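Below: one structure in structure tokens.
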Amino acid sequence: MLKKTLISISILSLLIFFSSGPAAAAEKVRIGVVIELTGAGASLGDYWTKGVKYATKEINDAGGILGRPVEYKIFDTQSKPPISVSAVKKALAWKPYALSGPIYSSSTLANMFLSQEAKTPQNVGSENWRISTKGSKYIWRTSTQQGFEIPKLLSFIMAEKKPKAIAMLHVNNDYGIGAKETTQKILKETYNTKLVAAMACEQKQADYSAEFSTLRRKKADALFVYLLEEEAAIVYRQVRKMGLKLVLFAPNSGISEDTLRLGKESAEGVYGMSGFEYNAPEPNCVRVSKWFKKQYKEWPDNEFMKGYNSVYLVKTGIEQTGGFDKAKYSQKMHNIFITPKVQKNICGGNLYYDDVGDLHAWDYLVQVKWDGTHAKPKIVAALPPLKGPDSSKKTKWYEK
Amino acid sequence: MLEVKNLISGYGKSEVIRGISLEVKEGQIVTIIGPNGAGKTTFFRTVFGFLPARQGEILFENEDLTKYAPTVRVQKGIAMVPQGRNVFPFLTVLENLKLGAYTRYDQKTLQEGIDLAYGLFPVLKERKSQQAGTLSGGEQQMLVIARALMSRPKFLMLDEPSLGIAPFLIKEIFRTIKAINEEQKMTIFLVEQNAPVALRVAEWGYVMEGGQIHMSGSAQELLNDDRVKGAYLGKKD
Amino acid sequence: MANFIQLLIGGVSMGILYGVVAIGFVLLWQTSQTINFGQGELVMVPMFLMVALHIVLKIPFWPSFVLTLLGSGIMGYLFERLMIRKLLPGGVLVIVIATLGLSGFLRYGMQIAWTPQTLFFPHLFSTKPIELGDIIFSPEDIWNIVLISVIIIVLHLCIKRTKLGMAMQAVAQSRETAELMGINVRHIITLVFVLNSVLAGTAAVFAAPIFFVRYDIGIFLGVKAFVAAIIGGFNQIRGALVGGLTVGLAETFAAAYITTAYRDAFVMILLLVVLLIKPEGIVGIKEEAY
């Protein structure tokens, strides 16, 4: 009898041993990366994915999250909102602990209800202000939304450049239209003025003669270039080509590495805002950027840092919860102040997440300088966040 | 000059030409007459190479043509005027003629050919800069024949030159065909539904029905044959 | 008025670029009844080739340009010999599906093999604007218009005046009659594919400084050129050019005088209007005429 039992037990343990592959896999922390792998956002998606990959490796090399290794799988949104919805569905069917991405606001707005329904944390790269008005408790941004970025940028431009007529070019999607609405609101409420022209541009648009003719007619002396990376670079080139004299200023996308690599000398003088730059005065941004430069022979775009942080946010949340309960994770990750003490590798210094998943962090006001071979964002000032513990701090000027 | 042996061809599954053997002697005008759907055009297209021969041989000056593309057959000295008015509608009359000499594009032959064409059909000279698509049916037929002559063929195949053309023009066209044969010493192979006209200019004739040759004989014999008269000449004595 | 001229230059400089790509559509359609949905990729691949030669290998501009055109020609040759020739008997639909497949293959192949990033390409001409009263010219726009016009005129003369050009016209108007003339239709079709690729390669070199170089630029240019060809007339080279200019000008003027938000929509409305009123295109000829 004993012998029989022993044999049964050993067979059973053997079976368990050999079936432990999938059982162990279930023990991993899965992250579904829903990202712009192809289509217009492919370049950004590539940086993001590289960030996810690097963070995953770093975390796994250090023993994972609470002992569990991180595993990610990529789902392509093709940069299209409807496809992003099915990509998120596919990703959720894979039973991830959290989602990372997408970047495009239109995609996030289309698919964020799914992560809300599935009660699965989603760390996105989008900046449209509406995302945080939808009431989801499962959405977090990896960068400052346009509603916080634009006022900071405008306050600098209005104070330092004193433009008489500001015009705006914005990309014709949720990211760009959201920015136009925010800009118009701030100009009206804070400065009692308005845009002399707000013009929607298409992706891949290469001819801006129509827009420029309007700029001239309206005698614009400052232009807010709220476009995606490639189009922003094209606009800088055309502005120079047509000899227009304008103060150019742009959000993150207009001064990111991806834009400057293309814009080169024509980007000289452009003002912009950024949270994570490879030359930001913040040790982790510098550390991961140097790794990237070594690995890929170029400086990373800020999307790399955002993708990187999207994984570290999951790590932070799980560690703060002390377990894998997603509802508790959601609770812990709101109104949280993530300092290097809380999560030593995360980029950007002190990050504050409010009750709707909006990020409040230090932003850097930069001006692009051309050094003969590269266009580099030079930091002019570090601006404190609008909310959270750091909001009481003062602007740090680096040069004026 | 041309000798066809046991030729079989057709479209898809259907066999249209079912074993035809015939001969065209150098310098003659030979005609194939027969009713609509007898396979005359299919036979011509096979000889020229638009349709592959499934079986049999097509010997031109004792060389088998079946392995050659139509282009090569043109270089061997064969020209065909297919049914209908195959002009290049958006090119001028002169450009159409020049294309006819595509395989022999030297200035001298070109000029000779153009002179010959204008000599045979003076109306083409008047219309030389006009788009071919704007010509009348008869003029287009003249152009097509003149264009076929531009390659200086030894052997001219004409598929139904009288189709859809006013009667007085039919006469003129056939008179010219006869003239080409006599003056240029060109062998002419002619398919016609209009049997009386064809037999009047031809020396030898074949009667085709159902993809086979039913009768052959000198044009004169066929003109006088009662069966031919009854079936194709439209009169009974 | 100055404004109008300014817009005119902008519209024409884009339109002529669409036009030159659209001419390829027309040439292929006329000679082989082929609709090539990989047309945009025939522009994209030479763009990358140009980057490889001129920027990566640092070969001077003109040799790079010539090598790019050569490469384009070879690509067109292989495209016809390895793919179109085998599929042509299957009819238009087979070709459309196959070229769609090929375009995806080239597009994503380039993304994986090279980069999903947009690559930099320098200006070919001076960027110093020329001011003429109220009008500001960019030398780049003017040179693009002039050089592409020259290429189109040379192409036109070759087609109208040379023996091969006449043969191409013959094949376009009736393949069988062309064969009757002793024209080797297969060779002519191959030649047209090579010519199309070289034209697309030329467009690529002029487009690269304007659009930069990116693996998916082909969709954009391909669609614009296709729409241009339909608007202008799919069976006329003139039509492609007229269509290209119409699209370029419509975009620019609609953006300037109505709204920038719907510039693409106006082109589509224009397309619909043309299809409803004159389906053969502005200068196209009804196909029944053949």
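Note that the chains take the letters A, B and C in the order they are written out, and that residue 1 is the start of every chain.
One rule holds in what follows: a contact is a pair of C-beta atoms (placed from the backbone, for glycine too) under 8 Å apart; a residue touches a chain by one contact, two chains touch by 3 or more.
Everything numeric here is computed off the predicted structure, so don't read it as measured data.
Peer 1: State which chain is most central when centres are taken as means of Cα atoms.
Peer 2: The most central chain, going by mean C-alpha position, is C.
Peer 1: In terms of CA centroid distance, which chain is the most far removed from chain B?
Peer 2: For chain B, the chain whose C-alpha mean is farthest off is A.
Peer 1: Report the inter-centroid distance (CA atoms only) between chain B and chain C in whole Å.
Peer 2: Centres of chain B and chain C (C-alpha means) sit 42 Å apart.
Peer 1: Averaging only over C-alpha atoms, locate the centres of chain A and chain B and give their separation in whole Å.
Peer 2: Centre separation, chain A to chain B: 76 Å.
Peer 1: How many angstrom between the C-alpha centroids of chain C and chain A?
Peer 2: Comparing mean C-alpha positions, chain C is 37 Å from chain A.
Peer 1: Okay, in this complex, where on chain B does chain C touch?
Peer 2: 48, 50, 69-71, 74-75, 79-80, 82, 86-91, 95, 98-100, 102-103, 105, 133, 147-148, 151
Peer 1: In their complex, what parts of chain C are in touch with chain A?
Peer 2: By the definition above, chain C touches chain A via 3, 6-7, 9-11, 13-14, 108, 111, 115-120, 123, 127-129, 131, 136, 138, 140, 207, 210-212, 214-217, 220, 248, 251-256, 259-261, 263-264.
Peer 1: Show me the residue ranges of chain C that touch chain B in the complex, using the header's touch definition.
Peer 2: That would be residues 163, 166-167, 169-170, 173-174, 176-185, 285, 289-290 of chain C.
Peer 1: Touching residues of chain A toward chain C in the complex: what are they?
Peer 2: 37-40, 42-43, 45-46, 172, 199-202, 204-214, 216-217, 229-230, 233-234, 237-238, 240-243, 258, 261-262, 264, 266
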